[in-house]
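Which chain is which? They are A, B, C and D, in the order written, and residues in each are numbered from 1.
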């Protein structure tokens, strides 16, 4: 089975209220070393019966059509082989 | 500058309506090869003035205390060196 | 009887809770500020609804670390009455004062409506004024009110009678169709072992005036007065 | 390096050659790049109202209770007890089409700031939504996104959404409408205005830091037609932060309890520039800003971007000299930055310096008074006569009316909007007496007996067929929605959504609508106290149906005497107030059942309308009524069906028999589904009937006994027999089914 790990992040210039609030809390917890937090999405998409190369192009398409909102988000993904039934 | 990439995922036992909904929409868009979608969080935490080994231990702590709720979530993270001003 | 209502940044129903307590129920109620660990000698604490810190990481996650919460946790552990409504319930879970967690509604939609809950435990400090199995009409308004816990936790909750409220239908039956958010076992509210800390997703503070739709919520506050 | 300014560059900024010449004259030299940016936004349609100013002045804006009409951030109406309500409606159409969630969310955030900037605590919001055809592929995505965005922001910021409207029409396929309304309450002695004063007083910036959000939102997004190029404008979309807005509200209201500031204004469209220019303009002063001091979110932001950024959750205020520290302290308590970014001057110029050099120096009047104002050519569409003609004989009189009632209840325009408003927090603030679900929302004002009635309305099909009549009806219906709820309409805020004003037929529609609103307001004794004009709602050259949305505000002296629209008590007598004419033009029935948009909208006799509304209010005050529901889209049959089904719980039936003169005189479909105005279905205990009839006679309002409340079916003798359970199920579930939500 193939596992596509999809990372969806806010475009650089777009305000990230969540990241901002999390960074503030981390500072309040004395993690002064934290300079910035950006919040994104991580999706695990499991695929069956397609070749890695097909998957490449299908997942790219899924991201563009549904998984990422390209008005405000960027995405990237990687595809790995997964031994049956051991999704991590 | 150090970049900690933190992945927070729902525990297997916890059902994931968002993942389900996304899988359903993907099927509706004829991505029949999709067998499962799990929705998680992806955080980019930028750190300054700490060594990679300190960072390891600090980020572990941040995850346990704040970034993940271990009642329902698992987390993992990796820490990479980032050239100034080119966050990806 | 002196009540304290905590205001976190992003709290919304804090003013409504104060109005409910001092104006409607004629109680002595004071606002507690998230940055101030001093509880000002209150006898009971309300953690109100809203979106503390925007609920930006997880609902209630960021609030639990605010200075006042350290005192609230001590207060609760010493047996002080603490009522968490909606976001307050989420904060109590994040703070570990109550087991389990509240996640996204199964429908993935925010739900604002009036529901019925059945009182399952009349021995908590906030339900002594209720009849056993009494049905209360209360409003809900949340996007993340689906109560979850792992099997053992859920089992012990049930075994110890820590489930205080369940979503029920008009006939008072625990009907999946009456469950607005997918909570396990139709759980709407729970208590801790000592029964001094109660958290629920519905908003009793918004059900204390007939003009505004109902008065069943009074029972929770009056329990502490009787 | 800033580009050198040319006519070409000016035109890329949406300015015309003539406008550019005018700028050269006003300045006496070519503008700097920054100055060009400032002119382009201040002279944009969105900020300057250049096509609409002349006509807006026809609207009545004053009245005994009116404390503030148009010209400030929001209108203000005195409600007694030393209190006033502050309200405004505003559009966020184009951003919501590009990014429905954040577009709608930031629309809510923006209107909230317009209200609390005047010192009022926001306590209720409404929203008016227009989407394309139910079966248009983009419609479900837009509906879900917009509704989630309104809820996501409004719920989080802690202001209840208590009412609104949603409708669907192919005319909005490429250009949806999202109009957001907020009402706040303020002590009359604590009203703040945005008039800068006192040369030397510090100008302070509070709230979120400035990023590159929405550069040119005003000039490019809100003031241009929509086309493929809009894709390139995507970066112009802004993300809102309701959490910060929540803190901003609390901090500003705390600030306003003290005597520390002279003026305050939100940074909305055209951000720092417009708020500075407007505050200086109203106060007849100048502004000098040091752009190096603006709190920024990212590095390398240019002065041009600083001036034009539309980053959300920001306010600009003029503090009293010496009070800076106190202001800072209050915002620090809420973890918000408050920074001195300039000062008020007495030279009536808008100046901005950056890194030691002056990048902007423009006479304020050049940006306000001197802004262009056009009287654009106007004329009716060529096909108007054809569109307005309707030959009823060509419309077959149906046989199975049960079927038609069900079909109408399933039409997304008539179906329950519960799917929408269940996603809103209607209760926070603890004032909501009647939330979404009845003709008008009713909220109570704490510490008084007073209630406020709220309703937002516009039937754009009526407006398309006859913009004058459509606008009259929009005003009349929203006031009627209040009257049936027991509230007397006092004032309104309007959101005028139209196509490209450079097209004569659009300008004609606009002028007709203004005239209609004016006449209706005069007849009903209403004032327009705030509003917003949204032009260029077009896609690929097609204008939306004219949509002059009316948000009405009214008062109940005793909130306990409010009335809701559903039947309550078996045995109550059902009465129809008002007269039914043979009017099927532009009706929902004609469009849903016969697939036609044709004919004139129903006629309105405004004097009759006024008497009807006074009667309803009077009857409510005497507590004669169990329910009152105005007859609107779908006509009498649907009004009766709604009275049976829309209440909490399983609903309750009604038995109705039509006697002379109602039946016989007109077609049955006109009787059942015609949308004649000035009609209300009421139910009341038998013992109150004679009193009501006396009042009706005195008011010369037709008063026809229709039947009796009771049973489990809607039963209209001889024509309709439907179980309430079935009606309710169809009505409740239709929207999600029809749209695929």
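Basically, a contact is a pair of C-beta atoms (placed from the backbone, for glycine too) under 8 Å apart; a residue touches a chain by one contact, two chains touch by 3 or more.
All figures in this text were calculated on a predicted structure; none of them were measured in a lab.
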{"item": "Partner chains shared by chain A and chain C (touch criterion as defined above)", "value": "B, D"}
{"item": "Selected pair, greater C-beta contact count between A-D and C-D", "value": "C-D"}
{"item": "Geometric centre distance via CA averages, chain D-chain A, whole Å", "value": "38"}
{"item": "Averaged-CA centre spacing for the pair chain C and chain B, given as whole angstrom", "value": "30"}
{"item": "Inter-centroid spacing, chain D versus chain B (mean Cα positions, whole Å)", "value": "41"}
{"item": "Residue list for chain D, restricted to those that touch at least two other chains", "value": "241, 243-244, 335"}
{"item": "Residues of chain A touching at least two other chains", "value": "12, 17, 21-22, 25, 29, 39"}
{"item": "For chain C, residues that touch 2 or more chains besides their own", "value": "53-54, 56-57, 62, 65"}
{"item": "Chain-to-chain touches, reported pairwise for every pair that qualifies", "value": "A-B, A-C, A-D, B-C, C-D"}
{"item": "Residue ranges of chain B in contact with chain C within the complex", "value": "13-14, 17-18, 21, 65-67, 69, 71-72"}
{"item": "Interfacial residue positions of chain A with respect to chain C in the complex", "value": "17-18, 21-22, 25, 28-29, 39"}
{"item": "Chain A partner contacts - residues on chain D that touch it in the complex", "value": "98-99, 102, 208, 211-213, 234-235, 237-241, 243-244, 297-298, 311-312, 335"}
{"item": "Touching residues on chain C, where the partner in the complex is chain B", "value": "57-58, 61-62, 65, 93-94, 99-101, 103-108, 148-150, 182"}
{"item": "Chain A-facing residues of chain B, complex", "value": "1, 7-9, 12, 19, 22, 25-26, 29, 31, 33-50, 55, 58, 62, 65-67, 87"}
